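The chains carry the letters A, B, C and D, assigned in the order they are written, with residues numbered from 1 in each.
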Amino acid sequence: MTLLYFAWVRQKVGVAEETMNLPPGVTTLKDLIAHLEQRGGGYAEAFGNPQRLRAAVNQEHAGFDAAIADKDEIAFFPPVTGG
Amino acid sequence: MTPHIRIQNEDFDVNDELEALASAQIDVGAVASFVGLVRGDGGLTSLTLEHYPGMTEREIENHVEEANRRWPLLGATVIHRVGTLKPGDRIVLVAVASAHRSAAFEACEFLMDYLKTRAPFWKREDRGGESAWVEARASDEEAAGRWK
Amino acid sequence: MTPHIRIQNEDFDVNDELEALASAQIDVGAVASFVGLVRGDGGLTSLTLEHYPGMTEREIENHVEEANRRWPLLGATVIHRVGTLKPGDRIVLVAVASAHRSAAFEACEFLMDYLKTRAPFWKREDRGGESAWVEARASDEEAAGRWK
Amino acid sequence: MTLLYFAWVRQKVGVAEETMNLPPGVTTLKDLIAHLEQRGGGYAEAFGNPQRLRAAVNQEHAGFDAAIADKDEIAFFPPVTGG
């Protein structure tokens, strides 16, 4: 899957984009967030407080219960502030 | 109705955009528009906008289509700038054409409320050497909620 | 806040007007505007507008002052054309500047509703050789009534 | 007093403006409308159906019960259609 990070999420994890294989046991965004937090460092900072995060699956807003698959484009970002 | 949606670094000319919108159809009687600008209060020196390319355009298209289902629109233009802007710079234009004013006003407000709460843009404010991401406002969520 | 109110035969440039409005104060974050145009439906060949000089300006000034009491405005521009116009021509511009968008949108709609129902302008439509005064619409009265 | 006529009111009475002395017994707009209707011709057409008319006294909208004086500027016109 492709992971994209925006705004302070990108700054904390240190990359804008990365690819990874769906980790064993990860079936939802919530699982993925827990998995990423366990990487520690900037990942722990970015994903340790999920209520501050928003996500999109394949360029559509998604709740953390959304199911994910290995071919998905998944993005994590703060609440949007455009306009 | 084919909307004009652009994400760009460059500034825009409101008169040109409104003319393009109004001249598309002879029964346009009303064009409501909104321009958002960088406020220079609190010692702001610059504002930097980033976005999620692809998703941004898709979100805006979806909301223009939704507006077109709710109101009899004759045209819509959404331009949102990204990159680094200074106080007083234009950030966003939303313009909606219709036969009558109430549809144009309502659809324009609807699109602005959804831009604020759904379109994947993020603002970072710079004040001298200090840099901070703008926090989302609860009042924007409430404004978008009234269209449900 | 000193409003810009003009009754004129000449066309106007929306970008110039909005820039003048926004550049007056650095804390302008939102400019909502409305442009009314001559619709060319029903075989209209031209539209002629007459007004009551003196009273028109006074009515518009009063309503801008009222808007300024209701919302925290940073600027307002009202331009209304008179004389003979063709389909597609701009008739009216109402533009309102504020720190945030809800005040700008609401005040702009308020001013348009009052322009429609209180400002002494009258429209005559010409269709080929036929000429007829436009009748006032009950829906405009209702729109103005909601601000009471 | 000065009388001003706009739109079809002007077209029916045939002038845009005229001056007259306040007629005896005329104290309100309603009285003035009845007086003008009695002139006949275009005046009867313009003032015979007062519910189609609107009025201003000294450049302010006024109901037909409004009192008027000899120094006033009085305007008659159809419901407005600007914007």
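Methods note: a contact is a pair of C-beta atoms (placed from the backbone, for glycine too) under 8 Å apart; a residue touches a chain by one contact, two chains touch by 3 or more.
None of these values were measured; they are calculated from a predicted model.
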Inset, instruction - Mind checking the centre-to-centre distance between subunit A and subunit B? Centres are C-alpha means, answer in whole Å. - result: 26
Inset, instruction - Please work out the Cα centroid separation of subunit A and subunit D, and write it as a whole number of Å. - result: 73
Inset, instruction - Starting from the mean Cα coordinates of subunit B and subunit C, work out the distance between those two points in Å. - result: 22
Legend entry - Centroid spacing, where centroids are CA-atom means, of subunit A and subunit C in whole angstrom: 48
Inset, instruction - Hunt down the residues of subunit B that sit against at least two other chains at once, touch-wise. - result: 36, 101, 112
Legend entry - Sequence positions of subunit A contacting 2 or more other chains: 83
Inset, instruction - For this assembly, give the contact graph shape among line, ring, star, complete and other. - result: line
Inset, instruction - Report the complete set of touching chain pairs. - result: A-B, B-C, C-D
Legend entry - Residues of subunit B defined as touching subunit C within the complex: 13-16, 18, 22-23, 26-41, 87-88, 99, 101-102, 104-105, 108-109, 112, 143
Inset, instruction - Under the touch definition given earlier, write down the residues of subunit D that touch subunit C in their complex. - result: 4, 6-8, 56, 59-61, 75, 77-83
Legend entry - Contact footprint of subunit A on subunit B as seen in their complex: 36, 49-52, 54-55, 58, 80, 91-92, 112, 115-124, 133-136, 140
